[in-house]
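Presented below is the structure to which this report refers.
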Amino acid sequence: MARPDGRTPKQLRPVTISRNWLRHAEGSALIEFGDTRVLCAASVEDGVPRWRRGTGEGWVTAEYAMLPRSTDTRGARESVKGKIGGRTHEISRLVGRSLRAVIDFKAMGEHTITLDCDVLQADGGTRTAAITGAYVALADAMKHLRKKRNLKRNPLTGSVAAVSVGIIQGQPRLDLNYLEDSVAQTDMNVVVTGEGEFIEVQGTAEGAPFDRAGLDQLLDLAVGGCAELTEIQKKALAG
Amino acid sequence: MARPDGRTPKQLRPVTISRNWLRHAEGSALIEFGDTRVLCAASVEDGVPRWRRGTGEGWVTAEYAMLPRSTDTRGARESVKGKIGGRTHEISRLVGRSLRAVIDFKAMGEHTITLDCDVLQADGGTRTAAITGAYVALADAMKHLRKKRNLKRNPLTGSVAAVSVGIIQGQPRLDLNYLEDSVAQTDMNVVVTGEGEFIEVQGTAEGAPFDRAGLDQLLDLAVGGCAELTEIQKKALAG
Amino acid sequence: MARPDGRTPKQLRPVTISRNWLRHAEGSALIEFGDTRVLCAASVEDGVPRWRRGTGEGWVTAEYAMLPRSTDTRGARESVKGKIGGRTHEISRLVGRSLRAVIDFKAMGEHTITLDCDVLQADGGTRTAAITGAYVALADAMKHLRKKRNLKRNPLTGSVAAVSVGIIQGQPRLDLNYLEDSVAQTDMNVVVTGEGEFIEVQGTAEGAPFDRAGLDQLLDLAVGGCAELTEIQKKALAG
Amino acid sequence: MARPDGRTPKQLRPVTISRNWLRHAEGSALIEFGDTRVLCAASVEDGVPRWRRGTGEGWVTAEYAMLPRSTDTRGARESVKGKIGGRTHEISRLVGRSLRAVIDFKAMGEHTITLDCDVLQADGGTRTAAITGAYVALADAMKHLRKKRNLKRNPLTGSVAAVSVGIIQGQPRLDLNYLEDSVAQTDMNVVVTGEGEFIEVQGTAEGAPFDRAGLDQLLDLAVGGCAELTEIQKKALAG
Amino acid sequence: MARPDGRTPKQLRPVTISRNWLRHAEGSALIEFGDTRVLCAASVEDGVPRWRRGTGEGWVTAEYAMLPRSTDTRGARESVKGKIGGRTHEISRLVGRSLRAVIDFKAMGEHTITLDCDVLQADGGTRTAAITGAYVALADAMKHLRKKRNLKRNPLTGSVAAVSVGIIQGQPRLDLNYLEDSVAQTDMNVVVTGEGEFIEVQGTAEGAPFDRAGLDQLLDLAVGGCAELTEIQKKALAG
Amino acid sequence: MARPDGRTPKQLRPVTISRNWLRHAEGSALIEFGDTRVLCAASVEDGVPRWRRGTGEGWVTAEYAMLPRSTDTRGARESVKGKIGGRTHEISRLVGRSLRAVIDFKAMGEHTITLDCDVLQADGGTRTAAITGAYVALADAMKHLRKKRNLKRNPLTGSVAAVSVGIIQGQPRLDLNYLEDSVAQTDMNVVVTGEGEFIEVQGTAEGAPFDRAGLDQLLDLAVGGCAELTEIQKKALAG
């Protein structure tokens, strides 16, 4: 049972990271997981949200969105509809939470970094590409902040990568594209640190409930995929 | 290291389900997980959303919300703010998705059941209480629908229960209350069928990333807790 | 001409007040007028709205809302619609205004008490039940505030109760349920102090205009009903 | 104790009604109660709101609003704030309800008349001026509709006028201006048919509760004032 | 080829300016261009928007809106729709920008003047009438401000008038009414100072693109029309 | 007086058009005017907006937006704010109007093409880059539509390009970048057909009013710039 693009079950799509794709942002990356293309921009601002003021700690947050024609059929613009949909909200929260897991907020001081992850083209795995690309933009923004504010410690305590995995006709597969995603029985998004520990595990039964064995297989696959992504991030940041 | 309410690590809080708490709804339950109190109402309506019309299949959806003073300090009403927050969106989607995993939509015909889960009092675990109580309301609403529309097959293909688990100072614990939830290093919500298979697994590192061993312990704990909740649901529905 | 539930024209439905139904709120009451069930929560906060700052006076306000399935057919959630309807607005303002009539704002100091009145189940008279229950929650919250802030004078200058009255087929009746409310020719909501004086009189011709004699009969009926409600409030607060 | 503009307690302000002030509307009137100036436009449209379709009955509704600088200090535009305030909602509902009391909806057929009441200048009594002026615009729009659709019966079953009354330092007064309104202890808006029967009675204790005697005095005053307004409406419509 | 109202191609409609039409506003004018009727109110407030604080400079801004029945068929109220349409936004910005071109913000000090331009009746040219009338209201408000704050210099550096021009069946015409506006091939709004210089030129091809010769003819026509309007403004302000 | 990037006054920035940058859209172009980078996507849909149904004519519309970090400092997302700003509205309308000037709607049949112009990076002239790029996307989408629906005539009756011009310290310049734009005394956006005729002329006095001679110089400059852009469009579409 071949995959639609000829990959082996454990194979990632071609991944490219174009670092500093934007001129104004303190950190940025255009990341591609195959045809999925997400523009990640990190903005450094002085100060923190009201509820965090006076704590001496920083904040990292994220906003995810899709351009109207990133998808096969045009979607209505959320700004025009006047409200943000549940899926957008959910993914924005996931991206922010994932990145905050590797931040030493005390070391940051009262600064805020906002990660804007805008999907220019979608072919499955946009949220995992967003997290993986956002980390690169964040790393550059943090470097900028350290220098500018002369921070003693590095507020980044690790790296973060994410990948989707799923079971299709009984077969566990890594990094699903849209075609695969829409027929998967089980779908899981896994966020892993550079050291292979879990930050977030979100598994969902799409068709039928899944058992512990399936869950275990998917986790193995995801940990392997994230290790590869970690290497690609390192190369991009070394470039 | 004792739990704040004296439970053992594997012990649920006292759970009560008051079935048919509401007079108008086709199914309803006031569920309590300790001091957490959620009112679940199931409403049956003819017809389905526009995108599903003409398919002959039904639909099940959910809306979760908290009363302003369900919490320790009053929260602003989302209707007054004019928009729904990300957390509300995320949990509403989780509840709907969890229940849809045990529905045979063909057997339902073109009817919609909406589950309203309103948190009257919050003390941790509101989303898992909501799912567990909503299943009871749904079961009654489905019985109502079967009878009224003379459906041949039972559209319910199984039962659903959910519980939160977490690691606190290295110790895995079942069914966290608010106090525990706010200090947990890892926090996981697990949705399980009556037959012990997974519908949804959502694990989040709050403080530090977690490893595979921790994940495994939490899953074991959750499966056990859900088995107990399944028995409580059965008793309520038999009552 | 019998009433649908067998009451005499001057008879209230069974009224119960469950005081301190909520754990977090400074005052709370679950009030029932027959099948109408309203959860009233009073929240004490330091400070007052911007336009009142620096006056040394407190503020009391209210928000009324109905759960989607409190009614016979499910209503859309106002938070989902993104705006509050006219009826909700109107009743919230009425509840707040009614309670403010028995407050000595100077004695309160710059604190705000917000009354949340959420209708869990509706069978006519939800606004009058809300006012009557909110007074009980407010009394407890005020006691809490007096103690905590060591206030010299009692900011409560009296008590408040409310009831609906209406004319059905020429007959004036007290405390209409939904069935009666929907066929009344004239419908009136009356808010009265514990000493029998008027705070608010709102009479509306539903079918045909009404004359002075009808108005007088309804006012008599309402004043009597409120006197009974005042006794029930006293008993609850003495409990 | 003289009134600020020298009137006797039972005296209306000068009232003028400029009929057909607008070219496009099927009926319109610029009404002035002293310095209060409200532009009322009646628009006739085919069809009725969805919930009324197929009943053969018409509908009458109203929208009230204030121009930003109708008042002493500029108010923010509700279209800019993106939501309608409670007071606006409440008055729009009152105006619509008042006019519907004199409509024979069957005679109207499935047509809708919308009354737009825009306050150009405010000096107290804007809601009562709006109702009184809207009736004139409505009468002309109804004439237009009768002719155009060749209706057999007149859908208007009577006329409507409204006035505010209040108690100031113990003295009952008719048609309060803004200065008086802001110091009144009791404030009442009364809507009366051309035949002197009540459509709506809304009395509110502003400072202290009021007794039955005060209520009776205010009602007498209001009925007298509305009788005068009815004459002024007749003259305008005869013109 | 006669114009619908018998004017010559270079003729304005009758223009009237009723200065100080409102009692509360610091400056106001009801301006009429034929049947187009716009109420312009200028409100002076202390302080400036946040982004301008501490600069010592003032601010002038404008809000344009149409009453629902100013037009031939009733339009939905933007406050009810909960959002402002693109056309409203665009014209509000144009009016504000046009007036700011003749302001010496330093001379104003940190005060804000808001121009509310509400279209009571529309027959083409509402935005140009709004600008022309708003200037008159602004001039009075500025006089008020100068006196009250004892400003040394006059913050008004000139006057502003505006007119629409268009090409209809090849013929350039001044001050189009609605009938002409809806059939014009090219439509241009021109804002000119009292000294005949341009503040804003907005030309739009409605049917077919236009050439330089057509553009030149329209500009000539507009400059002439604005010179007449300037005289009418002067007379109004001298009155 | 040199330009900040060393160009002559009549020189465009380097312009590149990457055609078919998106996989899903029926037409698309990533256009760059120097550092300004706009992604233009054309989406073809069957059917037209409600008000145009049954006319047999098509429709073309546009939506313009900026990514939050396209600018020097991050701007709040309009979807998060819940409303579209005036500038966004104004430019969306301009882009749509400009493209509609070269469409034969009868030839299109009842189809809609939506142009999404998302600014990825901003350095002045984003609206003119959007129009120029949108034309290329539109041309490809129209080709797609002609083929798919077998249209007889080409619905495109010409081409469209746009450029900004401005006067800086008395010197007229072509294609302002952000630095120049923010100091220009006069700023003009000109939309021209491939045959050199005007579709839209929008000139604004930023600092001081401008005279006819300045206006004429700017128009000459703009017509020349647009002729160059037309050639670049042709080359891209021939590629």
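Order of writing sets the chain letters: A, B, C, D, E and F. Residues in each chain are counted from 1.
As a convention for this text, a residue touches a chain if its C-beta (ideal position, glycine included) is under 8 Å from a C-beta of that chain, and two chains touch if they have at least 3 such contacts.
All values reported here derive from a predicted model rather than from experimental measurement.
Considering the contact criterion stated above, the chains in touch with chain D and with chain F alike are E. On residue numbers, the E-F interface is repeated by A-B, which shares over half of its contact pairs, out of the options A-F, A-B or D-E.
Per-chain Cα centroids separate chain B from chain C by 33 Å.
With each centre defined as the average position of its C-alpha atoms, the distance from chain B to chain D rounds to 50 Å. For the pair chain C and chain D, the distance between C-alpha centroids works out to 27 Å.
Multi-chain contact residues, meaning those touching two or more other chains, occur in chain E at positions 82-84. One full turn of the ring, starting with chain E and passing chain F second, gives E, F, A, B, C, D. By the touch rule above, chain F contacts chain A in their complex via residues 22-25, 28, 35, 39, 41, 43, 45, 63, 65, 67-74, 77-84, 88, 114, 116, 118, 120-121, 123. For chain C in complex with chain D, the touching residues are 83-87, 89-90, 92-93, 97, 101, 158, 188, 193, 195, 197-205, 208-212, 215, 219.
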